[in-house]
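Chain IDs A, B, C, D, E and F follow the sequence of writing; residue 1 opens each chain.
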Amino acid sequence: MAASFTHLDEEGRVRMVDITSKEPTVREARAEGAIRMSPELLDMVVCGKVPKGNVFETARIAGIMAAKKTADLIPLCHPLQLTAVSLDFTVDRKLPGVHITAIVRTTDRTGVEMEALTAVSVAALTVYDMCKALDKTMTIDQIRLVYKSGGKSGVFVRDG
Amino acid sequence: MAASFTHLDEEGRVRMVDITSKEPTVREARAEGAIRMSPELLDMVVCGKVPKGNVFETARIAGIMAAKKTADLIPLCHPLQLTAVSLDFTVDRKLPGVHITAIVRTTDRTGVEMEALTAVSVAALTVYDMCKALDKTMTIDQIRLVYKSGGKSGVFVRDG
Amino acid sequence: MAASFTHLDEEGRVRMVDITSKEPTVREARAEGAIRMSPELLDMVVCGKVPKGNVFETARIAGIMAAKKTADLIPLCHPLQLTAVSLDFTVDRKLPGVHITAIVRTTDRTGVEMEALTAVSVAALTVYDMCKALDKTMTIDQIRLVYKSGGKSGVFVRDG
Amino acid sequence: MAASFTHLDEEGRVRMVDITSKEPTVREARAEGAIRMSPELLDMVVCGKVPKGNVFETARIAGIMAAKKTADLIPLCHPLQLTAVSLDFTVDRKLPGVHITAIVRTTDRTGVEMEALTAVSVAALTVYDMCKALDKTMTIDQIRLVYKSGGKSGVFVRDG
Amino acid sequence: MAASFTHLDEEGRVRMVDITSKEPTVREARAEGAIRMSPELLDMVVCGKVPKGNVFETARIAGIMAAKKTADLIPLCHPLQLTAVSLDFTVDRKLPGVHITAIVRTTDRTGVEMEALTAVSVAALTVYDMCKALDKTMTIDQIRLVYKSGGKSGVFVRDG
Amino acid sequence: MAASFTHLDEEGRVRMVDITSKEPTVREARAEGAIRMSPELLDMVVCGKVPKGNVFETARIAGIMAAKKTADLIPLCHPLQLTAVSLDFTVDRKLPGVHITAIVRTTDRTGVEMEALTAVSVAALTVYDMCKALDKTMTIDQIRLVYKSGGKSGVFVRDG
């Protein structure tokens, strides 16, 4: 484990990390998360008369747009020019619920972990919003970074 | 369970629910969530030389500001004039990690569940951002609505 | 025709009109517009292997979100709390192209014409964006207010 | 005509096109549009006691600021660092109305067509907003791309 | 002087003040500020070949738009629906420089001091931006609240 | 003094300066400002029961976030990818009040003066907001550029 908080200086004051002297490199981050719901609601989302595409497509668009707003939401994030954002949704009847994955890429001086995590979070919130009239007990869970590449710190792959 | 998705019309097209004819009433929503981290990192956040206040205060401010951006993040949310937003952080060594609670109030035509859930989500993402140089395996978990009052649908209290 | 520009004072300086003393009333505005495209592209959007829903659903979401940003885009617009936004798309093979309609409602001190016109404009731009790799000669046309109610000036219905 | 929608994957799901591996090049786009109005209103905008500069200057500023918001408005647009934005207004008594032109430049991995079209659209909406108390029948028309250079696809010039 | 910081709770944690139970009333705030510059630059702004209107009109528009963004800029400000915003510029050759005044009104549960102060600040920054190629030594000065009415605390008028 | 306003063309129309052909270089800007307050309030901020960190930390975060919004606030500013933002607060009992300094860096085609000045301005406004229930007579003063490096125009250091 590294020795200190990069976002706090020696006196504990918040700061944006200085990345001026870093070289731009291709960077990618993948994040995952899930939204648990009742099996009845999951049925409605997936097989009901309502086209399933629309809940997921709206969440997908919300996630893509949120990735672009990351630096506006997370106080100490650097503004980055994202070159790719994609989200995917997988129905899991055992959960029961939906797994969400986001992949973000850039060619820049710092990584895009926060952008991928933000995309997953806002996509999950959007699924919640669209289904909440049917079930308010949904839970957003297991939002985490699963892969990161590019930059000095090298490749990170989450186990399990 | 209600019969249909409010955010999709009969043909499955997305829409913003029409609340024009609803009366403004006092509304409150409370949401919770948690961020799990290694015990070592939790120690650094809580008892280290670094003032714990700053990680949590930054996350608190990010959560408050995010609540105000909810209608900009979640495609079908109505713009609402929030009259109160507060966030709280509780360290849980058994988790190990931090519990986050948000309370949001308004006097308006629809509820503030999404605002409370968004505040918790962005606060958790901000804790992640500030600690990620130390530990990338943190997980954001258990984001859910725990209380809601105001409006026709009455009081919702989540069990357990 | 009225006698003067409401958004300019006697000396021609821009200002936001003072609506402080107006009473909130229910207001509605409807705007229309069209995007013309080649018959080949229209075929691809409507009947191709690609689900037509996704171009229109993305444009619909973009239009709804843009309506909420109107006061941030149009310098002298008042911030308003929209209570309903919906958009509709109609394929017109004679045009050839797509007609876009937006309906916006609020209970507030001024009208929502600009919100409806902005929703149509951004929905049309989004259709353009999603199809531009196939055809750059699309034209956005005939964006206009067709209906307005609420407020002192009464109902406006556009002829023809 | 190209073979497929770049913004939809093989299964029709929306995505942001991956431009990670493209090289930054100088890019320029020019878009045009018009706002039609009654000859009486055009006279007031152009020769009236009210300085015409202010309607057009406000619309010009709105168009420049909107170009910078394009990635926030159009769901699948990449965030780009614009290096130049300018707008021009030409009175056309035959229309009768005003022609609007926008030129946008960047040195980046994808083109700025959407930025130029967004600048024209929002400038036209701003003219509408400033004049709507005088005439609600104005129509925004003929918004289209007229020139594009830079990138692999080469120069595009619209005929007629 | 009041006894405590409204934006910090008993333990010093930041919060948005809870205004849920307050009644909406008409509120107004006026703020002032100045930008000092060399007499040569002031001459260019006022009497030069360059129309003075454009520097001030651009700053005026920026100030009006910034007032609408106040809750997005100042972390603990409530989102408010402004019903009027106006700015004025007065040349002062003795300063030498320009005085800026902003008046903001709303009918809401809390005051608009921050909106008026933000409008003045951003208008002054915009004047700086437009003139900085000519003189980087300009100073923004004396930004302060001069009048406030509405709400329980009554009328505030600054002396001197 | 230079010969003309870069943000106005020969006919006085506003424009965003064209920086397309400039090379990216490392750039830094430092700005300062102050907020004057009564000695009693300054005591409360600094030594009172309320942790001083929270007023300043909130203002620091607001300043950092505002620097990232500069191109959205100042009409003719280019969007830039900031690589470092930091703010510092120094208590001055003689003023009496607080001095605020901001340092901003980027590697881009134009300077970051406006970003540094915006960071100071919004940090000062945030201090005002957090203390205004105690004292409305605070004044924001002496906001100015003190240092600038990078780009063709070379190093600027403000005297005195």
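Keep this in mind: a contact is a pair of C-beta atoms (placed from the backbone, for glycine too) under 8 Å apart; a residue touches a chain by one contact, two chains touch by 3 or more.
This is a predicted model, so every value here is computed, not measured.
Annotation of chain A and chain B: jointly contacted by C, F, touch as defined at the top. In terms of the stated touch criterion, the partners common to chain B and chain D are A, C, E, F, listed by label.
Shared numbers divided by all numbers used gives the overlap of an interface; between chain E and chain F this overlap exceeds half, so the copies present the same residues. Each chain's centre was taken as the mean of its CA atoms, and the one lying most distant from chain D is B. Chain A and chain C carry the same sequence, and matching their CA atoms takes a turn of 180 degrees, rounded to a multiple of 5. In terms of their C-alpha centroids, the spacing between chain B and chain C amounts to 32 Å. Along chain D, residues 13-14, 51, 53-54, 57-58, 61-62, 65, 69, 72, 75-76, 81 each make contact with two or more other chains.
Of all possible chain pairs, those that touch are A-B, A-C, A-D, A-F, B-C, B-E, B-F, C-D, C-E, D-E, D-F, E-F. The touching residues of chain A, counted against chain F in their complex, run 9, 12-20, 22, 71-72, 75-76, 78-81, 108-109. By the touch criterion given at the top, residues 1-2, 4-8, 12-14, 33, 38, 40-41, 44, 49-51, 54-55, 58, 61-62, 65-66, 69, 72-77, 113-114, 117-118, 121-122, 124-126, 128-145, 148, 156, 158 of chain F touch chain E in their complex. The touching residues of chain A, when paired with chain D in their complex, are 26, 57, 60-61, 64-65, 68-69, 81-86, 105-107.
Within the complex formed with chain E, the residues of chain D that make contact are 51, 53-54, 57-58, 61-62, 65.
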